[in-house]
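Worksheet: the structure to be examined is printed underneath.
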Amino acid sequence: MTDSLLSVSDLTVSYGKVTALKGIDIDVKSGETIGVIGPNGAGKSTLVDAISGFLDYEGSITYRGQEIAGSSTQTLVENGLFYCTERRDLFGQMSVEQNLRLGSYLNNGGEDERLAEVFELFPRLEERRSQEAESLSGGEQQMLSLGRGLMSDPDFLILDEPSIGLAPVVLEDISEALTAITELDVTVLLCEQNITFALEHADRLYLLENGAVRRSGATESLQSDEFVESYIGG
Amino acid sequence: MVDIVSIGANTIVLGSLYALIAMGFTLIFGVAGQANLAHGGTITIGAFTAWYVAGLGGGVWVGLAAATVTGALFHVVLYRVFVRHIDNPVNVLILTLLAWFVVEYSFLAIIGSEPRSVPSLLGGTTSIAGVSFLYNNLLIFVLSWVFIGALFGFVNYTKTGQAIIATSMNERGAALVGIKTDNITLLTWALAGVLAGSAGVLYGSFRAASWDMGMTPLVLAFAIVILGGIGSIRGSVIAAYIIGFLEVFTISAVSPRLSGMTALLVIIIVLLVKPTGLYGRELPG
Amino acid sequence: MSTHSTQSTGDEGQTDDVLRLEDVTKQFGNVTAVDNLSFAVREGEILGFIGPNGAGKSTTFDCVSGTMAPTDGTIYYRGEDVTGRPQHELVKAGIARTYQTFRPLNDRTVLENVALSQVPDSLFSRSDFRADTEEQTREICERVGLGDVTSQMPDELPHAGLLRLEIGRALGTEPDLLLVDEPFAGLTTEEIERTADLFTSLRDDGMTLVVIDHNMHGLLELVDRVIVISFGEKIAAGTPAEIRNDPTVQEAYLGGEL
Amino acid sequence: IGGSDNGGSDSITIGLLAFEPGSAPQGTAQEQAAELAVSDLNDDGGILGEDVELLVSNTQGSASTASDRYLEFVTDDNVDITAGVFQTEVMTGLMSDIADHQTIHMSGGHTSPTIAEMLADDYEQYKYQFRPYGNATHWIESITDLAGHMQDEEDWERIAILAEEYEWTQSFSNDLPDMIEDAGLEVVYNQRYPSDTENFTPLFDNIESEDADAVVMAQAHTAGPAMIQWREEEREFAMCGQISQIIDPGSYESFDGDNEFAISNAPAVHTADLTDQTADFAERYNDEFDVYPNDAFSYATYDGLMMWAEVVEQEDTTDAEDIVPALAEASYEGTRGVIEFNDQDHEFPHDARFGEGYLQRINFQWQEQDGEGIQEVIHPDGLATADYQEPPWF
Amino acid sequence: MPILTLRQLTAALFLGMFAMSWDYVSGYTGQLSFGHSMFFGIGGYTAAVLNLELGISPLLGILIGTIAAGIAGIIVGYPALRLKGPYLGLITLIAPIVLVQIVNIFPGTLGGDAGLPSPAGLIPVDDTIAVLSTIGFETSFEHQTVVYYYVALFLFLAIYALFYVFTRSYIGSIFTAIREDEDAVRSSGINVAKFKVFAFTMSGTIGGLAGAAFVHTPVGEPSVGELLYIVVSIEVVIVSILGGMGTITGPAVAGIAYYFVRDALQTSSLTIPLLDVTVGHISMVLFFSLALLILFFLPKGILPWLEDLSHELAERRTDQTEPTS
């Protein structure tokens, strides 16, 4: 697997006595869009937190062939990773525009153009460009979080439940945007609860349950998998 | 007799001095969100560094340069060794308070309780529009505005400045966009050390250096940041001049006995009307 | 425990309206979040409250629940004008809400979080809340599905757990009217069903609910009636089926979905 | 039951309460003077044939710490006498402990008349306290004399008064103005200021705008900024008064000469020949500690202890009940003149007498000679060592 | 116990009481006060002035002083509703600074910087007390010391019990909830404002009570240095945080320890080898360094650390007794 962008093997993560991930293997190749699905508490957020350098772990995570243990989130970001968290982690008392511009903290040049692109994708953000992030509506904050991610012009984008709290119309827009992004050879790791959304975008899927991978494989092949079907439900 | 011209002149000088004193505190507290009470100690360290260097024959300008170094060094050590490992803001507050006391009492034990005079950076007087000014005071004015301008530009118009604010608001968020939060905070502390160290020299050259000289500047800095509103450099500057004016005015025209009091009462009233100070932002959480 | 004020003030009191908003407006500086909004909530119904992001839904909840006062307009609860009353009074009158962004008390267990809403709001109450209310608190935890994790801390809970905690705390105040902000966000289909069942059973117990959510599968199946707002104004109202087929709503909110 | 009974131990013990000895000039001076007294006494065969021992405790400038330390002296260490304290605010709290423990206290620097007034109110209770240097009311007399003298010599007419907000400065604000007016000068400005004041510019502006010839300062803590701002801003009025910190012979160096031309009232300075002993004492002190005696802290602490020793020898006991009346009656030739205490009917019982044949106060000015600062006595005439020098910027 | 230790313990108990009163409002509700000395001062000065000027009996004076401090608590409690965090901190810091200036402006009645003379003792110990003489206390100083020690101890325990009961009741759980998230408390149907003001009022009342009683004992004087200065307020904060904020017990015990550790360092004549100075000479440097290190290594405070430690030990023990689970 020489062209793996990210390779996770035998990953175990514990919070004190709670073991949230129990020996997980995941592999992401450049340009792929990977979906990680699974019920609440399955360990999806834990997985991406660990990948982004926020958690101590056992096992191995390599990004671009390098073990990430010991390197900070910032170093990963320098290497093209960007992570839009479930909690969004916005800069509450900064304006929308400041938040977005900080998204391209490490990039020099092209900031204004990307800002224009983000505003095109989320016109709502442009309307609110000088409003404090904290006072945005829930959905607006979600847009901002995604927008900030796009501002970094990432090679590898990790999205933890990007569909949360978005109106159906906006979801459609985001869906389009995501398609556009993946077409640009950006690698995407997508944790989703919204199965429709995940199925639509992912090339391959991992189904997590109770901290372990229950199923994995190409999206089409899994769609007909009995177990997955039962999970996806109605 | 109330002399409006001299009240005005004194306010300009005093406000500048106070702004300078508050600047380092504003940077760490207002912008980066940590209350560094050791600021009082940094001022003392700065003043005594200059006094010591001048006493060795190095001249007070060299002393000023040395004070920026000792001030920054003190902050860097304080931050690296202690503050960095603390996540509870109240503990940062108390720990820096204790650090300040350690500094104070060290000076008391080493140098003694007598005040020392830090030589003026510039001697002589000049007259502007019929009012005479000490060169030293003009220097305070100029230096203060240089620092204010530099800081304002730095925080608002540079990426690093924005990174400082971002780090104070959400450290995780800052890491997510690639900000090296540790370095940024360290830089903030070092810069504040430079500001406080130099403020100490100017303060000392105007008011004598002594082991317990940090108290007044610290209370002032705290009051200025709060009155101006946390997070606003502009607010701090305006507040510094307001407090400077109230002090001068009370002493000149009301009674020196009430000198501290009027400023404090005005602060209370302002805060009751505007609970986040003049230009403050809402506190997070 | 709470004595709900049911007295009506004269002829405004429409008996089957639990809640009625009349021309409610909320402005933040020059942003008008809620714009002259009027609608009523009927006794015993589950009302869906939807609209695009930033339409003013949460803000409407804020005004109704006393989190903030509206800029203009009147809110009647059981016929009584409650506009601008502080939140704790409204809670005692029977209005409870959940927050879109969770606000657990991170210093205490799940059980203690829920228990807080059972505590007397008086300075010198002699009732020792632990003894006689712990039972009740546990029941609430069971009911919302937190029975197994009562002694965990909030930060150990997964997303769905926090959501249940939010509902649990609201139920602890024994509300008549429950305002729920985005309960389905981030839940699996199965979880959504469970949560919806919970709401139905609460309604069966006599509670009235208003639910905001963007998950149309979950919401439209649950609710009896829907109100749609956009830019703070009401753009449609009706049964789920009517709303699905309303072109304005499709245009402004639903998009191509469904 | 007197606590001062030297319970069988074979040495006489003195307990000194000093403020930050080793760090603060006041406490350091008290400690040095007491050490000198003890070594002089021991060289002379001790007291009542017993060795004299000195214990020193730090008051930290706090009344409650001073009280703790005092009680250790009188209960644990069984001292025969206590001495020291230079802050009125510390002394006020200590007076009741002294009354409880009935041990003689030779004060060493605090100057408020209120302490003596406590004796006047309840002599039996507080009679154990003695002040071999008097109180601030004498300072203002001497300062009034100086003002009169300067009126003749330098045409001083308009006087300003600035007093640091402390108990001991009350008489400067309340009584001095009348005294100066009586002496034929005018008081044009009279203000008290908080003791944490560091900005004298507006105060000096006011004084200058009143066209004052001189300001009388009563200050023990704020001399640093006051001197610096007076000199650097080239204020056109003379500076005199009771400026405690510049009485310290080391102050010229620590103030880097900013106190040049400033005048202060003092109990003595080493250049003043108050008696034929003064210079001798000052030189011996300087030989010993490499610094000249400082204010009452040095002179009075030394004198007080020596006087007590003389009375103890004379009475052949250390029992306070015997020593109090004996001290009250005694007359002792000290380093600054003859010390006798006011009796119990006086307004200020147990404060040293001032006047002809007794103690007197001098006014000195810091002047520079060959790059060194020197405290030159400029008043009273009989003791003057130099003429007043006017600052060059006038 | 040596009589002087007993006396110092008396003073230390008062520091413990001051610290508890701070902890009740600041440790529990999270409304940080940097000027709690205002309450001690208002209580102490009111009682002292009433006794000295009007001859009102100490007990009545203490009662009135306590009420006055309680009213001050209400007055501070109201702005505390609008002001958050450091903004409130500044207001509370300012209050005693202003009070000190007021005391200085009225040296006649309020005694100025030098303080007022001691008012009458709370319990007159005119002569020796028979019972005490039989158990070996001789002088009237010793008798007085013993009596006031018990007065202080009684007050300390009473205050401790009161705070303990309140903080362990539902009120304590509301207070800590307010500290965590006011909005969550509001949405639980609780009137946050009422409880916040109440916390300040009760804290002020008890702080005032301690201050008022303090000046009527031999260990305390009605003076700005002991009752009003910023350092008094700051000490109380340091003590409480070192002891463990929001525990009542921590600050109570730490108050006593603080007094004795500081005293031991101050009076030590031990010479430090390399520096060639005595411990006493640099006592405050050592003392505050020690406090700094404690805070750094035990961020939650000493008491919570001890609790964690004992839990851990207990767990280890059960692990050993039941090797497999």
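Labels A, B, C, D and E are assigned to the chains in the order they are written; within every chain, residues are numbered from 1.
Methods note: a contact is a pair of C-beta atoms (placed from the backbone, for glycine too) under 8 Å apart; a residue touches a chain by one contact, two chains touch by 3 or more.
The model shown is predicted, which means the values in this text are computed figures rather than measured ones.
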item	value
Partner chains that chain D and chain E have in common	B
From chain E, the most remote chain by mean C-alpha position	A
Rounded Å distance between chain C and chain E, as computed from the means of their C-alpha atoms	44
Centroid spacing, where centroids are CA-atom means, of chain B and chain E in whole angstrom	31
Whole-Å separation of chain centres (CA-atom averages), chain A against chain D	77
Computed distance of Cα centres, chain D from chain B, in Å	37
Sequence positions of chain B contacting 2 or more other chains	108-109, 215, 257, 260
Sequence positions of chain D contacting 2 or more other chains	23, 165, 194
Pairs of chains in contact (touch as defined earlier), listed by label	A-B, A-C, B-D, B-E, C-E, D-E
Touch list for chain C against partner chain A, complex	28, 31, 51-55, 57-59, 100-101, 156, 158-161, 182, 185-191, 214, 216, 252-258
Footprint of chain C on chain A - complex, ascending	15, 18, 39-41, 45, 86, 124, 128, 131, 135-140, 142-143, 161, 164-172, 193, 195, 231-234
Touching residues (chain side chain D, partner chain E) in the complex	1, 3, 22-23, 57-58, 60, 62-65, 67-69, 71-72, 75-76, 88-89, 92-93, 95-97, 100-101, 112, 114, 118, 165-167, 170, 194-195
Chain B-facing residues of chain A, complex	52, 54, 72-74, 77-78, 82-83, 85, 89-94, 98, 101-103, 105-106, 132, 134, 148, 152
Partner chain C, residues of chain E touching it in the complex	169-171, 173-174, 176-177, 179-181, 183-192, 194-195, 198
